[in-house]
Structures are given as structure tokens and as C-alpha cells.
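Here subunit A shows up in two complexes: once beside subunit B, once beside subunit C.
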Partner chain A sequence: MYVATKGGEAAIENSHALIAEERRGDPAVPELEAAQIREQLGGAVDRVMTEGSLYDPDLAALAIKQAQGDLVEAIFLLRAFRTTLPRFGASAPIDTGAMTIRRRISAAFKDLPGGQVLGPTYDYTHRLLDFTLAARGETPPVAPEEDATDAAMPRVADILGHEGLIEPETPPPGPEQPYDLTREPMQFPAGRDQRLQNLFRGDEGFLLALGYSTQRGYGRNHPFAGEIRMGTVQVEFTPEELGFPIALGEIEVTECQMVNQFKGAKGIAPQFTRGYGLAFGQAERKTMGMALVDRALRADELAEDRLHPPQDEEFVLSHSDNVEASGFVSHLKLPHYVDFQSELVMLRGMRASAEAMQKEAAE
Partner chain B sequence: MSTLQPAGSGAQFHSIDGVYNFAYLDEQTKRMIRRALLKAVAIPGYQVPFGGREMPVAYGWGTGGMQVTASILGVDDVLKVIDQGADDTTNAVSIRRFFNRTAGVPVTEATTEATVIQTRHRIPEKTLREDQVIVYQVPMPEPLRKLEPRETETRKMHAFAEYGLMQVKLYEDISRHGEITTTYDYPVEVNARYMMAPSPIPKFDNPKMHAMPALQLFGAGREKRIYAIPPYTKVRSLDFNDYPFEPQQFEDPCALCDAKGVFLDEVILDDKGDHMFVCSDSDHCRDRRAEGHMGPRAREAAEKGYGADE
Partner chain C sequence: MGVLGRAPAKSLAAKMEALGGPIAFDWLRQPEIGAIMVQGRAGGTGAAFNMGEMTVTRCALRLTGETASVGHGYVQGRDARHAELAALVDALLQTDRQAEVMDAVIQPLKAEEAARRLAARRKAGATKVDFFTMVRAEG
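Entry: the complex of A and B
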């Protein structure tokens, strides 16, 4: 007899109970605390903060715990929280030139003012599983004391800028308030502020793959990692009633300045051009992908042929957001009975008339 | 049949532990959305870009409709949510619970009792009234998107009412298949001006949009667009003089309530291909059965002495 797909209410309740149980796992194993995630899974926390576009390590850690380590789901949770927060203004632009540096490298110069600072990186580790980590109670070797480098660390792009070898980075004309993607819908053509916001929030894997494709010839513009720097910067805000900036706190960021060849065009002298990447925390893969894509998207501005996906603003910006993408892809799981029924009705009709025509032809 | 559930705990303008505002969205956001709605009503069928917010449900699962509903909902409203015409589909249940929790408004399954109806993929069979608002969840607001992927291009096409591309598509359908093969999300022309995507309702429902007494609002969350059809507005499904628009027709009546001229779902009964057709609008079907109508399956079951549907 007919059993309808009813009982949505009970099914949802049961499903929620099941995920809660799954999340906890074997109760014999101690429960993970959000603080442990914050302290020991920093890479995940940084990614969730960046793509969730909310700088809050505790909430990001909570989201990761709640999402069972599914980072796109955690990003979604953080976004859905962020959206309810009131916005009281825009901070002053952060000054990455005044960054308290933990890591700073340039692939363009062997040595430069301030020097190369390797800092914490997996770059030169051998990717061998370390079984001592599997044993409990691991005490890490004492890290050498980090010298707070007081040395001035001018940005590489600024050094090149003195000679006019690289395009200057000047704020675009227009209103001083930056575009806010979380308050206004996307517009095309997009300003660079809108584009960089979109890329900042964009999926790391998507940007990595697109950036990689530019290196393999799809929108090639030969890049150098001019500089990657990571450390803390101060966030300042000027309340209207005070009229002068006050420090809100410090955030950790990674910044990548790609330096790209450019042969010049009508009215533009040959010079190096830039692609820019920025992310919360330690996120070099993300910022490098972002910088490559940012540069590729400047094709129109620099009179380059726009032939490949990474150069196509509507294509890149419309599909970079993993909360949007996973939402729309996953909505295919929702019932589509009505549409499917409509297609069935038509298909049967078309098959019937085709059959009738064949029969007629045979007679 | 009344299925009215009284106001939930959130009726005090504060809900979810007092953390979130009435109906989840903050008042500033609601005002922004209402401004977009006013513009949409003033220019029927025109897609108004709006600062769509992230919602605590996934994009593609009704975030646009929910933002519209949240912005128009008042404490006196009675909400009905359907998906595929039914109140008991999982996502409809989920959205109804969301508003019952965050706004605490009473919810109902009865079309006649509701003041606001949020829907995905259907228009109820009962004619809607002037004092009702229907909110459609929209996945792809741009009717031309499948023909032209670029927003910059499609906006121009709307500005110049340059809709030849769609006419050509429909013409090619006819020359290839002898008929227009679009069966849902069938494009319409609103108020003799804008081409509009009716959302993926079956083309069966398209005629109900024409001159509907209720206000029709459309929310696309991921694409951040809102549009509207004011009451009693002309809505024409695109067609040709010699190939007039034809909605789907079902040969059999509803197996449970015997309704004809309604949209039917096909329900597979066993693995031998036995199936029956039942109303997609679950409220309409329940009402008819309560009035004593009996479809062939229901009659058969009654004769054998057991209920057909439970």
C-alpha cells in the first residue's frame, strides 16, 4: 500500500540526534575541546577564519568542532554567525609595512633590507609521518627564541617602487569607503576592492587550481614571489565621536605580493605589475593562489588578451565562494518531484508521438 | 481542515535565547530588503539586486525566500511553507520550524488560513486571495542565464527588452521536437515588459500567476536578486500564435481524492512498475478527502476495509 514520504519532522529530529552522536565518536576517547582545536589545529582555524571572513579563533575552533572537522561546513557556520553581527564601520587600512614579522621571504632578491626570515614553515620538512606524534605526551623541542626583529622591513614592492620598475599601488578613485560584499550584491565589472574581498573569502582549493592553471599557460603572466610576509598587524578604527584612531587589537595575517612581467602596452611603459593576496593567520597557499588570480583578472586593465577562465572576472568571482557553491550543489538533494514529473509527462508524450510516426512510416 | 499551530515561544519579539531578532534578521537588514521589495513591486518582473545576507541554511535551500519572508512577517501573520506542493516535505518542515522558533508566528498547513505562504516549486491549487502573499524560493532568477552566462550581457538584454534569444530557443525546440520542451521554470512576460523566471514551478502553474489577487514575491538568495508581481498583473507565458502555450494535462484523477485538473505526483508502488497519481498539493488533497471525495485507490482500499493513505 501507498507509503508517502512523510514524517519530515521526526526524521529531522532523529538525524540531528545521529550527528550529535557521530560527532562525539567513541565516548571512551576524551572529548576534544575547542581550545585544543584553536591551539593545535591552527591551519584549519586560520582557513575557517579567512573564508568565514571573521577573525575569531575561538569561534572558528568551535565551528570546526561542531562541523566534525568539515572545514567548508565550519566556514558556513561562521558566516551564518557573522551575518547577524551589526557593522559599526570600516577600520583604517592595515599597514603590513609596519608588521611585527614572524616570517618574511622574497624569491626575487637574495638579500634585502631586514633580511630573509624563514620562521615557522613546512616548506623544508620531509613529509614523513612522524610516529612520535602518535604517542601521547609529546613534548616538542624547545624552539629557539624568536628575535623580535626591530629591523625595518620595507616591503619589496616598495623597494622596487623607488626606481619606478613596478607599478605604484594607489587607491582607486571613488568613495573612500570600501565596497562591502557582505552588504551589497556583486556587481560587474567589479572594482578591485570588491574583487579582493571576493578572493579573500574565496575557496582556497578553487583559487589554488586557477592560479596553478595560469602557471601552466592558461592566462600566463610570469610571476615571481616578490614577497611573502606573515606576522601581526594592528587594526585601528576612528570612532566618529572621537575623531582620532584607536587600536582595536592585533590580528595575524599573511600577505603575498606577486611581481609579474609586463611588456607594456599603449600608453603604459614596460614595468613589473602586481598581484595581491592576503589572508588571516598563516595561509601561504591561499595568498599565493589569490595573488596569481588577482593578477590574471587584471587582463583588461593591462590590455592583455582575455582568453582563459582565470582572466574572466564573472567566471571567477561568481564561482569562488564555497558556501554558495556547496549550497547550490547540495540543493540537488532536495526533492525535485514536481519538475521531474513535468519532464516525465513530456518525455512520455514525445516517445509516444515518435512511436506513432515510426509506425506510420512502416505502414 | 484547520491545522493551525499556535504561536511558539519566540512570540515575544525575542527569540533563540534572546540572541537573535524577531524572525532572525536584524531590523536594518529587513528595511533594506523591504526597500528592494518596494522597488520590485513598482517594476513588475524586474530583478532588483539586494544585499542578500548569509542565512543559517544552505544557499539553494531557500535562503532568498526566507529573507523575503523574514522581512514581511509580522506578529499577526500565519505562515505556511510548502515544498513540491506539500507541507510535510523535509525542507518545508525545516523552514517552518525556523520561523516558528525565531518569529514565533503561528504556522498552518491550510492554504486558506495562511497570510504568508513560502513555496518551492508549486503554487497551491486553491485560488489565493488579496490578503495573502506568496513568497517563491528562486534558484536561478535570470531567465536568460542558460542562453547567456554573463550578467553584464543579460542586464543589457533586459534593459533593451531584447528577448530574441529566448524566442529563437523556443522556435528551435519546436522545429526539432515539434513542441516547446521546457516543462518547468517556463519563462513568462510580466506586465508586457520584463521577461521573468517563474522559479521552477511546473508550467502547469504558470496560468495561476496571471492576474493573481495575491501579491507574488520572489527571493533568490545566492544570486542576491528580488522580484515581484503585484496583484492582478498580466503574466503571459511565452509562445507563438501557431504554437500556443499549453500547460501539462493529466489523464487520470488523483488516486486518493479524485481531483481533476490539478498537478499530480507519480508514486511508485512496487518494483513491477505499478504506480498511481496523487495530488502534489497535500492540503488540497486532504481537504477533498475530508469532504468525502474518493479516488479509485481510496475507494478500492475502503472496499477492502483499510485506509488508503496512512
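Entry: the complex of A and C
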């Protein structure tokens, strides 16, 4: 238990001033603008938007600046801002099949329609520090342009689907009202809609580690990166007063379709099963971790034994959110003086009686 | 209306200069910043789920003058001026200036968007992998 305390106002104010000074750093070095963060630290911006659950590159950049690059703190800032916005409604589900592709690879099929498009990736870099970036005023090379990629490319899962070799993913009949964690509390057992929203907002490091653990045998499900695609999709929304859909926005997303072995079960023929990952921006590692964990969490549905943490939805969903996790861990810093005082009294009492008993025994 | 929301605000403002002087209007709803929940589908084609929200600015206005047409603006982001311009164009499209607005604003914005997408696809196209089949020598 923690208690409210008074005092320390001046110390807190001065701490705020100190952090502002430290955030600014050496005044001789030019101040960083949020626009520079937005344009040049895209990886951080995308992570903050995804886990902060709000697509707005300018706000994510501001949050990163304010948090001095502490991304979990920046995510917290964006989440807090998000709650101040009135909700106009929900979009139609985005169509990733109609994506304007910037990157698209498959580790399962070499010759897939539309081809393997590497796009901007660090995969084939040598991971050597590039000291030319430390020198200012470098003009970057202009990326070459060649024949355009196809305007839309079929998904690998859809290609496999034609042969019936992979489980189909079809929407349920009738109008859909997917679970919304921003409106409703977590509940168990969770539907896949609730799980996917949780994983979408979930901490990249947590999902990466859990996904990795499934590969090492903790809920093994033999994954292949069926397809990873990254690019822009349109967001369609139907305002109530208009009654017709408008494609009012365009967002960048990354999608990962894991294809997993499945030996079949009662009434289900052997076929490939699927795990799904999706995120705002360029977030390949996040979507791969998410897809591995999504598949592991489908254990019950696929009649697999639930033996390991990544298959346990209460464990995964309750601990994936870094805002909640950091809040609960951080609350240990709040004054626990009374609690601690009572523990001290008890401990002293126990030691005194133990000493007394020892003395008695010796006599 | 979609292209007005997706276009960069600066680009929309530049196109509207061709329409001449300030256009008089009354607000029906002042620009308001809010969010819409963006949804995806499990596996890309399955059941819908909520991803996260996206900032959107909306407004509504009525032109003052003979044709008091109403315009709605819905744009991505938090730029009130962007929403205002989008609503103005929407209102003008319902007047006898429709053809002029299509030529000066809508068509050029659509062309710019198509060019942006094509450029992205051409840059991606340069990173497309050409596989060489390794042929094993006979004998």
C-alpha cells in the first residue's frame, strides 16, 4: 500500500526544470525539431504510433522529443493524448491486398506473382557503423527507379488458399463489432479480435522474446514467413451525416503472415495454419513477433496442448502492454513508508522473539 | 472528397489559389480534431479487429451567396485549415463552378497522388529480385 504525502512541491518543480534543461542538452548544439524526428527517426516514430495506438507521425515525433527518446515514455504520452480525442467512428477494415507495395518478400515461395521486392531494408547491410553519417552535409544518393511494381499484388496466403492447403480466413457473416480494448476491459477467454488488438498495441520487445521462445520449443509451431509486405493502404470511413464512404486517409502499415505446420485434428484435414501480425509504419520485427504469438495463442482452437507461456492468453495479454507494465513497476517508487514501517516493526518483533528463544534454549 | 483528405494541405492550398479571392462562407461546424478507429482483418481477409486510431479533422460550412451549398471536410491529421479548404472545395463542387473546381483542384491532386504512388512503386521496382537459376553441368 502507498499513501498520499504532502511536501516536496519545490523539489518537484525544480526537477521539472532540470529535466527540461537536460532534454535540451548542450545549447551550443542546435535544437532538434519534431519534424526532423518525424523524417529521420522513422523507426522510432512508427513504434510509438503502433504501441501508442494512434497514427499521427507529428504527434509521435513530438512525444519522442519530449521523452528524450525514451520510447516507452513517448508511447505513454501518446496514449494519454489519445484519450482526449473525440471518437468520430470506426473505419472500414483496411484492405492490405490493395496495398501500394514498398516491400514484399516471401520465405516460402521464390517465384510469386509480383516478385520479391526488397524495398528499404537493413537485412543485407553489414551492420558496420557508417562514419560518413557522422559528417554533416552529406547528400544522400538518389534511389534508382525502374519498372514499377504491380499496382496490387496477391497475398501468398490467398495463392495457397486456392489449393485448399491453408486454412481460410473469412469474415463472420453479418455486421461486425470487433472488441475494443479502449472501451472495454480485458476479459477471458479472449476472442481473436481482442487478442489481435492487444498484440497490436503490445510491447515489441515482449512479443519478440515470446515469439523467439516459440521457435526455441516453448510452444513450437514450425513457422515460415509466408509473406511480409509493407506499403500504404487507404483508410475508408463513412461519416454519419454523409452516409457514404470516403477514403479520407492513407497510412503506412506492415503485415506479416506466418504459415505454420498443422497435422490436423478431429474433423480438420492436415493443412497449413496461420498467425497474423500487423502494425503501423515499418515494423517488421514487431509484426513477426506478433504473428508467432498470435499463432501460439490459437492452441485451444487447434486442439494443441497449452504447455508454455506464449500459449497462455492470460499470461500474454495481461503482460504485453508496456504502459500498464511500466505503470505497475513504477508504482513501487511511490511512498510506501507506512507499509515499510509496519514490516520493520514486525521484523524487529520476530528477531526479538527468536533471540529470546535462543537464549532460553542456551540456559 | 477522399483525395482532398489525403492530399498534403499545402498542395491543396496551392491549387485553390486558381479559384481566386476569398470565398465567403458560414460555419455549420467549426473544425474539430478527433480520431477514427482503424480496423484490420485477421489474416488480411478474416474477422475484423481494431488496430489503433488515426487523427482526423472535420468541419462543415455553407457558402454565402446565391448557391448556399453545404460542404463537408474530413481530412487526415490535425490541420484545421486543411479541413476548411476541403469543405470549401466540397461546397464549390455542388455549385455551377463544379467543372472549374474539378479542373483546377481535384484532377491535379489526383494526378499528384498517382505520381507519388508511381514513384514509390518505381523505387520499389528497382529493389525487385531477379533470380538466376544455377544450372548443374551435365556429365
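As a working rule, the second predicted complex is superposed on the first by the 346 of 363 C-alpha atoms of A that agree within 3 Å, B and C clash if a C-alpha of one lies under 4 Å from a C-alpha of the other, contacts with A are read in each partner's own complex, and residues count from 1 in each chain.
Please note the rule applied: a contact is a pair of C-beta atoms (placed from the backbone, for glycine too) under 8 Å apart; a residue touches a chain by one contact, two chains touch by 3 or more.
All figures in this text were calculated on a predicted structure; none of them were measured in a lab.
**Student:** Should A:A92 be classified as contacting the first partner (subunit B), the second (subunit C), both, or neither?
**Tutor:** second
**Student:** Check the residue A:M186 against both partner chains and state whether it touches subunit B (first), subunit C (second), both, or neither.
**Tutor:** In the superposition, A:M186 contacts subunit B only.
**Student:** Looking at the overlay, does A:R82 come into contact with subunit B only (first), subunit C only (second), both, or neither?
**Tutor:** After superposition on chain A, A:R82 lies in contact with both partners, subunit B and subunit C.
**Student:** Is A:L196 contacted by the first partner subunit B, the second partner subunit C, both or neither?
**Tutor:** Only subunit C is touched by A:L196; subunit B is not.
**Student:** May I ask you to decide whether A:I101 touches subunit B, subunit C, both, or neither, giving the answer as first, second, both or neither?
**Tutor:** Touch partner of A:I101: subunit C, not subunit B.
**Student:** Which partner chains sit in contact with A:T273 here, subunit B, subunit C, both or neither? Use first/second/both/neither.
**Tutor:** Touch status of A:T273: no partner.
**Student:** Going by the touch definition up top, name the partner, subunit B or subunit C, that contacts more of subunit A.
**Tutor:** C
**Student:** Output check: A:S213 vs subunit B and subunit C. Expected answer is one of first, second, both, neither. What do you get?
**Tutor:** Neither partner.
**Student:** Is A:T287 touching anything from subunit B or subunit C once the two structures are fitted on A? First, second, both or neither.
**Tutor:** Touch status of A:T287: no partner.
**Student:** Starting from the residues of subunit A touching subunit B, keep only those that also touch subunit C in the other complex, and list them.
**Tutor:** Dual-contact residues (subunit A): 82, 86, 182.
**Student:** Under the touch definition given earlier, write down the residues of subunit A that touch subunit C in their complex.
**Tutor:** On the subunit A side, the touching residues are 49-50, 52-56, 58-59, 82, 85-94, 96-97, 100-103, 110-111, 115-120, 143-149, 151, 155, 157-158, 168-172, 176, 178-182, 192-194, 196-197, 200-201, 231-232, 234-235, 237, 239, 241-242, 246-251, 253, 255, 257, 274, 276, 278, 280.
**Student:** Would you mind writing out the residues of subunit C in touch with subunit A in their complex?
**Tutor:** Interface residues on the subunit C side: 1-2, 5-6, 32-56, 58, 60, 72, 74-78, 117-129, 131.
**Student:** Please give the residue numbers of subunit B that touch subunit A in the complex, ascending.
**Tutor:** 20, 24, 26, 28, 49-56, 58-61, 63, 83-85, 88-94, 97, 120-122, 139, 149-152, 177-179, 181, 183-185, 200-204, 222, 224-225, 248, 250, 256, 263-267, 269, 276, 278, 280, 297, 301, 306, 308-309
**Student:** For a test of understanding, state which residues of subunit A touch subunit B in their complex under the given definition.
**Tutor:** Residues in contact with subunit B: 1-2, 4-9, 11-12, 76, 79-80, 82-84, 86, 182-189, 314, 318, 323-324, 326-331, 334-339, 341-346, 349-350, 353.
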